[in-house]
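Two complexes follow with chain A in common, the first pairing it with chain B and the second with chain C.
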Partner chain A sequence: MLLLEQIINGVCTGAVYALFAVGFSIVFSTMQILNLAQGVYATGAALVTYFATSSYGLPFWAAAVVGIVAGGLIAVLVDQVAFEPLRRRGVSLLGAVIASIGMWIAIREVASISTAATPVGYPPDSVPRGRISIGGLELLQTQVLALVCAVVVITATYLLLHRTNLGAAIRAVGYDKRSAQIAGINPQVMIIGAAMLSGAVTGLAGILLASGQSFNFHLGDTLLLQGFAAVVLGGMGDIRGAALGGVLIGVFQVLSGSYISASYQDAITFGLVLVVLLWRPTGILGTASFQRA
Partner chain B sequence: MRALVPHTRSARGRRRAALGVMAASALALSACAQGGGSGSGGDAIQIGAIVAETGPIAGAGKTFIHGARIAQEQINDGDLMGGGRQLELVEKEGSEDPAKSASVAAQLAADQNIVASTCCILSTVAGAAAPIAEKQEMPLVLWGATDLDLASPPYVYRTVTMPQPANEKLATDVVDSEDIESVAYAVMTDNSGIVSQAEAFEQGFSDAGVDNKGQVGTLSTTTNFTSAATDLINLDADAIAVVGTQSNAVGLIAALDDKGYDGQIVSGQTISGSGVFDSQPRALEGVPFPVYFLASEATGMGADFADAYEAEYGEEPDDFAAQGYMAIYTLATAIETIDGEVTRQSLSDALGALEGIDETIYGTPVAFEDGQLTAESAVKPVSYTAPDGVIAPWEPAAN
Partner chain C sequence: MNPNLVLLQSAVMFALAGGVLALSTYVKLWAGVLSFATVSFAAVGAYLTIWLYGEAGLGLLPALVVSMGITGLFGLVVGRVFLKLSSHWMALATVALMLITRVFVTNLGEYTGGSQGQVVPYVMTLPQMALMLALVCLLMWSLKRSKFGVAADTTREDPDVASALGVSVAQVKIIAFGISGAVGALGGSMEAAQLSYIDPNTFYIDLAVTIIASVVLGGAYHWFGSVIGAAVFTGMPVYISQYITEGQEIINGVLLLLIIIFLPGGLIDPLRWRRFREKHAARRRDATAPRGTGSGASDTEDPGRSTALSDDIEAGARR
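Let's turn to the complex of A and B:
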């Protein structure tokens, strides 16, 4: 029973990683940017949700929507301030990585100032914090919430990108910006749309992660490594792969921490990622190389 | 159009004279600075402070320097060092980052007017700054790093009241007050200071005859504590000692609360601090943790400190603020014993000769042995009280 409970814990933890990884993957597949500022979208969304509940008295659900929109807007801001000038000049992947590090540090400092660098948490009773009993297993409502949100949002994002004209246009810009432009697609609008979508999904991951604990302006930093590993494990640029990678990382982490040693859980988890990459260098579901989505 | 005019003899002479005056001034200033001392000629005695008002633990960092500033004011106003000598804090931001703090420590050491420095909340940062102080032969007073064996006279001293003896005493107090026969430990295993704090809890519970049900590890990078809480509850212990850095310990206590653990949770001093209670009020209420300084119980010098701090910063000083205060107060106490010029060497000698301080903000005398301040008799078990999160003496549930 303990094993089953820990697997469920791992899947629920992995659901948050999966959401983050999907946000990460959207940016990479449409803009070919390894965005290290992705974590601050999660932090920003969680903090906006916190301020909306604690300072303005909004119910958690409404505050979460505000937070998700804020996550999207931060992503658009980062894209337009840091990445768009580089795109215009045709700067390489490395330039974008460096620009993203700059935005990461700058926005994190704003987050630090806004909270006076102290831990914060959603007000008591604003977030569903009870337990749900299913067949002798006790799950937390926050875990169920994370799982349901991940399934719904990742499915919707996949359908949006693969079953709609808008998604086809976004993917077309990712494949070849110039050809997409010739076909009548406005690349700038699609890139802003992709950034908004990426920031919103990542922001949701941050809000869910923060819902069961106190957090500070570092919240997104802790997600960045797990999210990046999930994308690499599942396959760069593939939404399904990123989601699968996130869940696997969550389960690996929990089981290795619980049954082997917490001290080595990161080493074990990322060692397994390395093994998978030696077997499939493009990730489990990936078909593209690192340089090209 | 500007005409080209050759330099006249008088113009050249004035320039040479000016250069001569500047060179002489620089030489004089340099000569004054050579001694690395201050305080004997009416100049303020300069103490460098590597602060952390930004960075990952700025919340705690601000509290340390706030306490230090209050100490500076009270020392100067009360002429504690005697002879009208005044203390000046030279603050530089280190963000509690090892590389940045080491660089700042080197800058402070290069300034010969500064006779000592104080710093460091994290042991890794102390580990980076201490070798610079030793190499430059400048006294360094650590106000917060709690890893074992960091004090290293004659140049590195530590005034932080250590959490290890406090944890050991808390374990004994909790067993005396509650019906506890078994205990499990939650330990953040990738921080040696935290591990040694957990060992102190183990020692205290073991000495009280409590059965050890096992340990569950977490890491500083842990993002979700539900899994660790599940393992801990599965150990079926009467009590769980949660030992981690602030966010780690609070996250795990919240997860235990969410999972419905109904035993006794105890934790370390790390769960105190501005804003912590408001982030998880339900989970933190009634969880005992040890402190050395409790503003609401302070008397005499401690009450004066608490009043001045509250007037200046609008909140009660906590243990971290008290540690910032004690770093400066200990330096001032050592300076008071120096008759002549206060230099790095004379201050190092004075700190080395200091055996204790009779009157402190802790309300009890403190010992100063092998470069380490100890105040074990001042340890108090406290907890947050609802609804405002006021820290008060811990009331066992059995009462």
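Let's turn to the complex of A and C:
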């Protein structure tokens, strides 16, 4: 029973990582950008939600919607300010990585200043705090919320990208911008749309992670690293892989923390990531089209 | 002493330590590898130096040399293991390495002080640090002229062409990691001396980003750029902290963005300089050589034109 409880805990934690990883792989699959600024979308969304609840007294649900929109807008801002000029000049992948580092440290500092670098938390009565018992298992409401949100949003994102014309257009732009343009797609709109979607999904991950604890402006950095791990495990450029990778990382962390060593938990997780990276360079569900070794 | 002068001295010393760390990253970039491994090397090197100096009772210089040697070997091993990964997978792998290093630093409290951190037992003076940076620069200068330098340049520009020309790409990259390890250990020890107190967050993301920013600002095409970049990103913030207390990172981030958009080759870009010189020389030739005097003028112009052409070919290969 304890093992089952641990695994469910891991899945709930992993659901947040999965959301983040999905946001990350939307950018990667449509723009081929390894975006290190992704973490600040999560921080930004969580902070906007915090200010909306604590300063403006909005209910948590409404504040979360505001936060998600803010996450999307930050992503569009980063894309237009940092990546658009590079796309226009045709600068290499490495250039985009470095530009995203620039946006990362700049926006993180804004977040740090806005909270005076101190930890904040949502007002205690605004977030669902109770426990739910399902079949004898006690779960926190925030955990269940995270799991439900992740399943719904990831499924919706997958269907949007793979079952609708809009999704096909976004993927076409990612595959070949010029051909997509010839086929009558406006690449600019699609890229902004993909950035917005990615920022919104990532923002939701940030809001969910922040709802269970107090957090500071480093919130997104943690998510960024776990999200990387998820993407490496699951394979880049595939939403299903990223989601699976996120859940695996969550479960693995909880299990290695309770059965092997709590203090070496991160080393074990990232050791596993290294092993997967070196041994199976396309990820567990990785597509062969993108070579990484 | 005048407080302003104290601050300036501290800024210069941070810049010197940052310069050595930036050069450690530069060596890998030289061989075409963007990596965060320098912070891991710096952490390993700094904690080794502290242990050798404090516990094993070595002098500062022997401690540094031994620590550089061991970390250099560590670098070779890392280079060998990560060899197969290409561009951003390599970057991700070194991010993982950085995280793992931090976990070990936090947990090996007996040697590192754990999450509380520890006081650095040794001190370094400004001239000592300047000498160390100078020695590393000397190393870079001689590497640039060595077989390794040429091989690394070729590997960065085009690994396939390099291996077709008989350069062992694998060997160049592994050696670059080894040198980076040794230099990174020195830089980490200097940074630790200057901070005088280090904890698991010392050698972590913030330092990694600062170092990468320094190298990018300086430019990937000449080692001296990294030294200037380090002065801007590690020295200057210390000095101007008396005027600007917060928001320094915003300036850094925007600066980094502007560089990558408008100066993708960095500040020290030998190619741009050479183009500038060429243009300048061409203008001078135009001014001195009378136009339309027939064969005489074209004879004098030919050598100049041929070098300009070969430069263009080189530029085409490079960009």
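What to note about this one:
One rule holds for everything that comes next: the second predicted complex is superposed on the first by the 281 of 293 C-alpha atoms of A that agree within 3 Å, B and C clash if a C-alpha of one lies under 4 Å from a C-alpha of the other, contacts with A are read in each partner's own complex, and residues count from 1 in each chain.
By our rule, contacts are C-beta pairs under 8 Å (C-beta built on N, C-alpha and C of every residue); 3 or more make two chains touch, one makes a residue touch a chain.
Not measured: the values here are computed from a predicted model.
When both complexes are overlaid on chain A, chain B and chain C end up clashing with each other. In the superposition on chain A, contact is made by A:277 with chain C only, not with chain B. In the overlay built on the shared chain, the residue A:225 is in contact with chain B and with chain C. Applying the stated contact rule after C-alpha superposition, one finds that A:266 touches each of chain B and chain C. When both complexes are overlaid on chain A, the residue A:118 reaches chain B alone and has no touch with chain C.
When the shared chain is aligned, chain B comes close enough to touch A:212, but chain C does not.
In the superposed pair of complexes, A:10 makes contact with chain B only, with no contact to chain C.
Judged by the touch definition given at the top, the superposed model places A:34 against chain C, while chain B stays out of reach.
By the document's definition of touching, both partners, chain B and chain C, reach A:109.
By the touch criterion defined above, A:56 lies against neither chain B nor chain C after alignment on the C-alpha atoms of chain A.
Within chain A, the residues touching chain B in one complex and chain C in the other are 109, 112, 225, 263, 265-266. Across the interface of their complex, chain A is touched by residues 34, 81-82, 84-89, 91-93, 95-97, 99-100, 102-104, 106-107, 205, 209, 212-213, 216, 246-250, 252-257, 260-261, 264 of chain C.
Chain A contributes residues 34, 81-82, 85-86, 89, 91, 93-95, 97-99, 101-110, 112-113, 221, 225, 228-229, 232, 263-267, 270-271, 273-274, 277-278, 281, 291-293 to its touches with chain C in the complex.
Residues of chain A touching chain B in their complex: 2, 5-6, 9-10, 12-13, 16, 109, 112, 115-121, 124, 129, 131, 138, 140, 142-143, 209, 212-216, 218, 222-223, 225-226, 254, 257-258, 261-263, 265-266. Across the complex, chain A is touched by residues 54-59, 61-62, 189-190, 216-219, 221-228, 230-231, 234, 246-247, 250-251, 254-255, 258-260, 273-276, 278-282 of chain B.
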